[in-house]
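Structure first, then comments.
The first chain written gets the first letter, and so on, giving A, B and C; residue counts start at 1 in each chain.
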Amino acid sequence: MRKLLAWLLAGVVLLFRRRRRDAPRPLDASSAEEAAPRRIVAPGEPVPAAELAVAALFVATALCAVGFVVVYAVDGIGHRTQLLGLTLGVAFLLLAAAFVVAGRYLVADEDAFEPYPEPTPAAQEELSRIVEESGDRITRRRLLVLTGAGAGGALGLALLAPAASLGPLLEWHELSATPWRAGRRLVDEQGRPLLARLIEESVFYTAYPEGAPREDIGAPVVIVRLPSAQLQLPPERRGWAPGGILAYSKVCTHAGCAISLYRAPLYAPTSPRPALVCPCHYSTFDPAAAGAVLFGPAGRPLPQLPLRVGRRGELRAAGPLSAAPGPSWWGARGEAGTR
Amino acid sequence: MRVRLRNAVVGAALVAVAATAGPREAGAGARPDGEQLYGRYCVSCHGAAGEGVPAGTSATGNPGKAGNPGEVAGPSLRGVGARAADLYLRTGYMPLLHVGDQPRRRSAGERLLDDAEIAALVRYVASLAPGPPVPAPRPERGDVAAGMRLFTQHCAGCHQVVAEGGYVSGALAPPLAGVGAVQIAEAVRVGPYVMPSFSERVLPDSDLDSIIAYVQAAQSPDDAGGWGIGHLGPVPEGMVTWLLAAAALVATCVVVAGKRSRS
Amino acid sequence: MRRLVRVLDERTGAAPIARKALRYVFPDHWSFLLGEVALYSFVVLVLTGVYLTFFFEPSTQRVVYEGSVETLRGTEMSQAYRSVVDISFDVKAGLLIRQTHHWAADVFVASIVLHLMRVFFTGAFRKPRELTYLIGLGMLSLVLLEGYLGYSMVDDLLSGMGLAIGYGVVLSVPLIGPALALELWGGPFPGDPTFMSRMYVTHVLLLPVAIGVLLALHLLLVTSRHHTQFRRPGAGERRVVGLPAVPSQAPRSLGLMFAVAGVLLLLGGLVQINPIWLWGPYDVASSTNGAQPDWYLGWLIGALRLVPGFDVTIGGATIVPNPFWGGVAFPALVFGVLAVWPWLERWATGDRSAHNVLDRPRDAPVRTAFGCGLLTFVLVPFLAGSADRVDVFLGLDYRWQLGVYRVAVVVAPVLVALVAHRLLVGLQRAEAIEAARRRALAEGRASRSGVGPRAGTG
């Protein structure tokens, strides 16, 4: 027991004892060396309180760090993320405080000077001369430079060439190809065909082409039904909406978000007209008028999918989309192709 | 009779201050009469027998306020049933003060009518013609994960994926905080204002139960990461970045720098 | 300790350089530390990022979730998304590290912007530091891309929508847009499954290395040309005055580094960021209201909303699709102006000399006014970007707000610049009058003779 106390006391003394500051070294007159060097770092008075403060902050940091490990290790702790962040975050803040206190009170407070770098014309001159003198032996400079540039350029392009395989670089028709073609059946999320007589007004449906991959901006279409009297389709699209059922690409022609808003007024005289709206920048499209843009930054109407009703009453596409789906590019206004 | 008259006078006085939508005083006296309430609040737009008042002009087609000032128009209430009446009255959407108003939910304290009056009015409207009753959803039977998928598919575009509400080109889809199961079911089936209406065929009752279960769960989302800052995503996150973090770090720079810098 | 130094120097020859470096002088002003805040955020990003790479699966293969988050059970999602949900809920410190990483990214960009503002408003970009400045701008643009890719890799509903918009913006570049988009994505959106690993490699390797190299160059140039300083007695164009690295500046800088780490960890544990389990996974046919990019891209979503709805077409060909103006032209304009500014200023002022001493913002009213105008030009689209939420919260009609912002984005920068210029010139005059007054007093001419109107309390 006494031995333990002795060790503890020794530890405390070791930890807390203060070092006697060294006196400046005396001149060594007998040595052939220069006089003792002047101080580089400015001197300063000790601040014992600050030393204790820094030590205390270090201890606190250690405690928080231990707390972090404890929270980490113990199972079944609630709000674990909060406690972990708190312990580790505070640990770092305490450490920061320790260093800031040390910087303020434990090290010299001095103004140091340094000259800004001067221009070095001599070195610049020599550099230029090295380059010039190195090229002294060459007589056909222009020839070598031109052919060298040609070599470098061609080689550079050659090294870049494999990048072309990253994607179908020149197959721009891919951008307007969609799985929709005449006769393709429309199916819902679960793969069940959509029956025309079950399509109701005032609600919207999402449909996909049967048997085709869904993760394709040409695939999803949004289906709504309006009273035929309200339709204002252009003459060439008269047959595209059997029974007032309309299908449009679900991907906005502005920047490509899914159009998942349908404005379906219950009482028309006091409400805005039915519209398909995109939640990203609020491009608003008129399903009654061939997807014309009513509001928002979209530059072209929503591509429409012509519909027909199959023999068993199921909805089928009657052709490809009227234009490329999704965000515009130079060929987007042409009729969509089929994959 | 005198009591009814007094109720009518009190009610009329309250209508006069309806624009400020203050909390109602308790009206004393007999059970409210649905037909009387209808006559006071609804008849001018919905007609004496609930047949509706046709609009003077056709739909303007422009988003926002429709109709000219002073013009009234209202749909027929025959056959809408207790379901629609209950929805519009309990949310406070109705009675409407002006034709073409942007509908806004009103809390129970702000509503024009109290619960007993609403119940009476609902009974009256339901009596006009046979219509759907107030729904009785069972969200405890629903699957909250299926509800999230269905909500994302049908509702998140307007109401935001955690039901914080959203904008819809000329309308607002309200946040669903504090909305009860019955009201959700009613709104889904009725599709008030510009909301789509999802019938039992499009969304069977079991799916509706799941959606309601999800909306209820979304009222208190799993904020495992700490303070949820509104569950809106990057906009509040950006505010925290600048107003909390950047401010704290600039202050730290001022503290860390030497005394010379503060001269 | 002397033995250690001798042993190391004999083997590395580093003593002379270290001797100089240890006494390198740091001019002393709090605003000079903003760049360090950015640096330390980067350190936190790298450390937390490495940890995340050990758990993230960069794969778009579909899986059905059956983990601890109830609302996601039975939902189909990509491996990438699932792995991030697992990091958040099934790795003990996973959510803390994830959130700290994301907060660090947000704070990183904010501190770079603050640092850029300090550099701009004090004229630190002037000769001989134009190269340092350009490297800094280059880093900023890389950092914006890095952040975008980082949160888009998670494949959640919000960031997936953001990627689709990014695709639309790339596609809108005239001439090369379609080819570029097809190359980057490996096909039309959502692209080849390898797009996910392309994002991953770029975010984890290519961009951090590029940023690291530029950062090293930036710091090298800063120390080679030496830090700039404000004018003080004894400190001018020829001589820099300040704190030596050792022992004065080092503990302060280290303290700042730990403080940055502490703040980011506190945020990472206490304030939720990017709760992807609430958003759900992304698919092409899904979207949500109120989706936004991370804050540093808010100016772009605002610009995309502000530009009126038109595609530039010739015949049936769409020459310039709409997203180009807000998504490409606008940021290119802002960065372009910032990049050529040092030479623009040189040409406008005729000042071709080197400067080591900084201007106070008021000392260069035209520059400061222009900077304020440019900030306003960027800020108005930021506001437009959240106009829909403002409508939901405060009831201000969205379309009305758009109209106001469309006018403001052109008018407000000019107004702000003019007002700022006025104020600064006024401040300068006030200072000059005050200085003259003091001089007169010092020379013994009493205030009874009057020295002009009292300067405003400065």
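Throughout what follows, a contact is a pair of C-beta atoms (placed from the backbone, for glycine too) under 8 Å apart; a residue touches a chain by one contact, two chains touch by 3 or more.
No experiment lies behind these values; they were computed from the predicted model shown.
S.K.: So, comparing each chain's Cα centre against the centre of all protein Cα atoms, which one is closest?
M.R.: Checking distances from each chain centre to the full centroid gives A.
S.K.: By CA centroid distance, what chain is farthest from chain B?
M.R.: Of all chains, C has its centre farthest from that of chain B.
S.K.: Quick one: which pair of chains has the most contacts?
M.R.: The largest set of C-beta contacts joins the chains A-C.
S.K.: Quick check: how many Å separate the C-alpha centres of chain A and chain B?
M.R.: Here the centre of chain B sits 36 Å away from the centre of chain A.
S.K.: Could you tell me the distance, in whole angstrom, between the mean C-alpha positions of chain A and chain C?
M.R.: The answer is 13 Å.
S.K.: Just the number, please: Cα centre separation of chain B and chain C in whole Å.
M.R.: 41
S.K.: Indicate the residues of chain C shared as contacts by at least two other chains.
M.R.: Those would be 95, 99, 243, 248, 252, 255-256, 259, 263-264, 267, 269-270, 286-291, 388, 398-399.
S.K.: Taking each residue of chain B in turn, which ones touch at least two of the other chains?
M.R.: Counting only residues that touch two or more other chains, chain B contributes 63-64, 153, 156-158, 166-170, 224-226, 252, 256, 258.
S.K.: Would you mind listing the residues of chain A that make contact with two or more other chains?
M.R.: Each of 81-82, 85, 96, 100, 103, 109, 206, 258-261, 279, 282, 295-296 in chain A touches at least two other chains.
S.K.: What part of chain B is in contact with chain C in the complex they form?
M.R.: Where chain B meets chain C, its residues are 63-64, 102, 143-149, 152-153, 156-162, 164-170, 172-173, 175, 214, 217, 221-229, 231-235, 237-238, 240-242, 244-246, 248-250, 252-254, 256-258, 260-262.
S.K.: Which residues of chain A touch chain C in the complex?
M.R.: Residues 40-41, 72, 80-86, 88-100, 102-103, 106-117, 163-164, 166-172, 174-175, 177, 206, 208, 214-220, 250-251, 254-261, 278-283, 293, 295-300, 326-334.
S.K.: Please output the residues of chain B touching chain A within their complex, sorted ascending.
M.R.: Chain B reaches chain A through residues 55, 57-59, 61-64, 66-67, 73-75, 99-100, 153, 156-158, 166-171, 190-199, 201-202, 224-226, 252, 255-256, 258.
S.K.: Would you mind writing out the residues of chain A in touch with chain B in their complex?
M.R.: 81-82, 85, 96, 100, 103, 109, 189, 198, 200, 202-206, 258-273, 275, 277, 279, 282, 284, 294-296
S.K.: Would you pull the chain C residues touching chain B in the complex into a rising list?
M.R.: 28-34, 37, 69-75, 88-89, 95, 99, 103, 106-107, 110-111, 114, 157-158, 232, 243, 248, 252, 255-256, 259-260, 263-264, 267, 269-275, 277-280, 286-296, 298, 386, 388-389, 391-392, 395, 397-399
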